[in-house]
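In the two complexes below, chain A is the common chain; its partner is chain B in one and chain C in the other.
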Partner chain A sequence: MKPAPFEYVAVDSWEAAVAALTDDAQVLAGGQSLVPLLNRRLLRPTRLVDINGIPGLIRRTDGVLRIGATVRQAALERSVVAEHWPLLRQALRHVGHPATRSRGTVGGSVAHADPRAELVCALTALDARYETTERVVEGPPVLAPRELLVRIELPPLPPGAHTAFVEHARTRGDFADAAAAVVLAPHHAAIAIFAAGRAARRAPAAERALRDGATVAEAAALAAELVDGDHPRALVAEVTRRALVQAGHA
Partner chain B sequence: MTWDELLAHPRSRDADGVLTVLEEIDDDTGSAVYRRGGESHTVRRIGQELDVHVLHGEVVDEAAAKIKVPGTFRLAAAGVAAAGLAWLATRRRA
Partner chain C sequence: MSGFGDPPPDLDRPGFGTPAAAGDDPPTAPAVPPAPVPESPAATARVSARVNGELRTAEVEPRTLLSDCLRHQLGLTGTKVGCEDGTCGSCTVQLDGEPVLACLTFAIQVDQAQITTIEGLPPGRLQESFHEHHALQCGFCTAGMLLTLDAYLREHPEPTDAQLKEALAGNLCRCTGYAPIIEAVRNR
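This part shows the complex of A and B:
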């Protein structure tokens, strides 16, 4: 199928993008999620605002990484600057396939708000802040109408940090059933998980337990308590256990 | 092209229509990465004057040329500079 008719507007600035948005407009970035929805006519916007003309930049200043919303996933994956945040690359390897990552944008992954988005899970473990055209929020933003995600900001990792990302997907490249992103450093532990259709979230009880010297199995069990159902709980426990081991937890 | 110009024009096309896209800036190390023709290239800022002579490889500026360096490095730098000047010449024809 082909999309229903729509008006196409290409912009080259965030101000122009906001001005071009109407109540039933959709924003086109990488199009890896939007275009299939358009083709199947699950979405019928009257206007498509193309923001690919807005330059996306990966920039590190004073140890803080800022990722423009229109940065391609592939650009972040091969980024030299982002090597200081290895969890990003570890998670991006699981996002779709190289062909989709070459077009898909970082901001698109966040704005699309699929609860199974690997990149959002990693960003949650990295304490990301999100800057929109209207505000700055700590967690993944729920965008209001005519609000656009502009950039994502990551603080530096603690000294000596090790990271890992593990997921369970029935088919490689498909959305995962469960995933865990882990950041471990002396006196620091961050675990983000998602499963069972619920969006990524931190596991504070497991993080506290790790800082207090809990074993891998104990921390994984605490993280698994965040999800409902025996099978999702078992999946989360296992991916968390594997991620903690990969991150070097004894 | 200067460093500031490089940052001010994150996307540009040369006379042949090849797109150059600035992808990364590391202010902490004074380096940038741009994408051209399917390849990534690193540009490094040297000194306070950010005169970028060469985009295909390491930036060589006039201040750096005054620094005493071994002959091998001078030869390599001259080669890289020649390639950069050739590239700049194609841009000026645009």
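This part shows the complex of A and C:
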């Protein structure tokens, strides 16, 4: 199908974007989730505010990685600077397909807030902070009307860290049924999982157990306790187990 | 109108079966005046882009998809439209050298950009290899396959089979079962 008519406003700054947002407007970033909804007329905004003209940069200063919200997923995947956070690339491989990643933006993934977003799962394991036009928050922000995500900040990984991302999806490139993102370093463990339609979250009990010398199977079982239902639990246990093995847990 | 015998009115419009005569008529000159835009809150905009190396201009509504603009306004019907929600990859074109889904991009967004459609992809070993290995039957997915592969092989000239399958996972083919396509790329 074709989208219903709308008014198109292209902006080149966050101030202009906020000013252009009327009550019934939608923000157009990469459009790889929004345009299917428009094409099927599940959404009929009266106005689209196109933020593709706002430059997005990937910078590393004092060890902190700053990713502009309008950075394309493909750009982050190729970024030499972001190589110090290999989990980003490991997760991005599973986000859609090459053709959607060349348009889709990093900020769009976060703002669209699909609970099965791989990138958000990876960012959760990496202790990301989110800067919006109004505030700075620790977890993925629930954006208020006329609030826009501007930047994502990642602290440096601990020395000697190994990371892995594993998911289970029915078909490649589709949203996953379950996924696990893992960061392992001496005296450090971070596990983020999602499954069963619930958004990514950390598995603190499993992380604590790993720091106390738990085995892969024990940690995976603890992570799986976060979700309900036999099947989702089995999936989380298995993707967590595989991710821990890939990240080099003995 | 009967079911038989009525000749379709516009079989000879540019790109519909017959190649557009290059440079002959202005690319956007329609035989009939452009349809009025009823109750649209949006005025049309003039978009210029370099399509297959040639500067082309079109008058588009904001909601006009790039795929529709290419097919209906520029007559480049090599770009196929399958699902129109980003699932099938048939409409893949290259925007500034990167593969994108033309059905998930608005024409109004590509002003001043470079676009390559299947009509602008230079004939080469990849196409010959598709032919030799029967990597297409109905051909509906082939334009998207070739444009995705062209961009991918530029960066990864020697992919493994697993990498190739990953790169092509966004392009659905309902005829070949994919094996001849992988074979064609490997033996190009």
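The rule we apply is simple: the second predicted complex is superposed on the first by the 250 of 250 C-alpha atoms of A that agree within 3 Å, B and C clash if a C-alpha of one lies under 4 Å from a C-alpha of the other, contacts with A are read in each partner's own complex, and residues count from 1 in each chain.
Just so it is clear, a residue touches a chain if its C-beta (ideal position, glycine included) is under 8 Å from a C-beta of that chain, and two chains touch if they have at least 3 such contacts.
What you see is a predicted model; the values in this text were computed from it and never measured.
Asker: After aligning the two structures on chain A, examine chain B and chain C and state clash or fit.
Answerer: fit
Asker: Determine how wide the angle is at the CA centre of chain A between the CA centres of chain C and chain B, giving a multiple of 10 degrees.
Answerer: After fitting both complexes on chain A, the angle is 70 degrees.
Asker: Classify the contacts of A:T124 with the two partner chains as first (chain B alone), second (chain C alone), both, or neither.
Answerer: Touch status of A:T124: no partner.
Asker: Which partner reaches more residues of chain A, chain B or chain C?
Answerer: C
Asker: In the overlay, answer first, second, both or neither for which of chain B and chain C A:G63 touches.
Answerer: After superposition on chain A, A:G63 lies in contact with chain B alone.
Asker: In the overlay, answer first, second, both or neither for which of chain B and chain C A:P55 touches.
Answerer: After superposing on A, A:P55 lies in contact with chain B but is clear of chain C.
Asker: Tell me which partner A:S109 touches in the superposition: chain B (first), chain C (second), both or neither.
Answerer: neither
Asker: Regarding the shared-chain residue A:S79, is it in contact with chain B (first), chain C (second), both, or neither?
Answerer: It touches chain B, and chain C stays clear.
Asker: Is A:P3 contacted by the first partner chain B, the second partner chain C, both or neither?
Answerer: Only chain C is touched by A:P3; chain B is not.
Asker: Could you tell me how near the closest CA atoms of chain B and chain C get once both structures are overlaid on the shared chain, in Å?
Answerer: Here the least C-alpha separation of chain B and chain C stands at 5 Å.
Asker: Mind sorting out which residues of chain A both chain B and chain C touch, each in its own complex?
Answerer: Of chain A, no residue contacts chain B in one complex and chain C in the other.
Asker: If you look only at chain A, which of its residues touch chain B in the complex?
Answerer: Residues of chain A touching chain B: 55, 57-63, 71, 75, 78-82.
Asker: In the complex formed with chain A, which residues of chain B make contact?
Answerer: 10-11, 21-28, 31, 33, 35, 40, 42
Asker: Under the stated contact criterion, what part of chain C meets chain A in this complex?
Answerer: Checking each residue of chain C against chain A gives 37, 39-42, 45, 61-63, 65, 68, 84-86, 89, 92, 95, 98-101, 103-106, 108-109, 148, 151-152, 165-167, 169-171.
Asker: In their shared complex, at which residues does chain A touch chain C?
Answerer: Against chain C, the touching part of chain A is residues 1-8, 28, 31-32, 35-36, 38-40, 46-48, 50, 52, 74, 93, 96-100, 102-103, 171-173.
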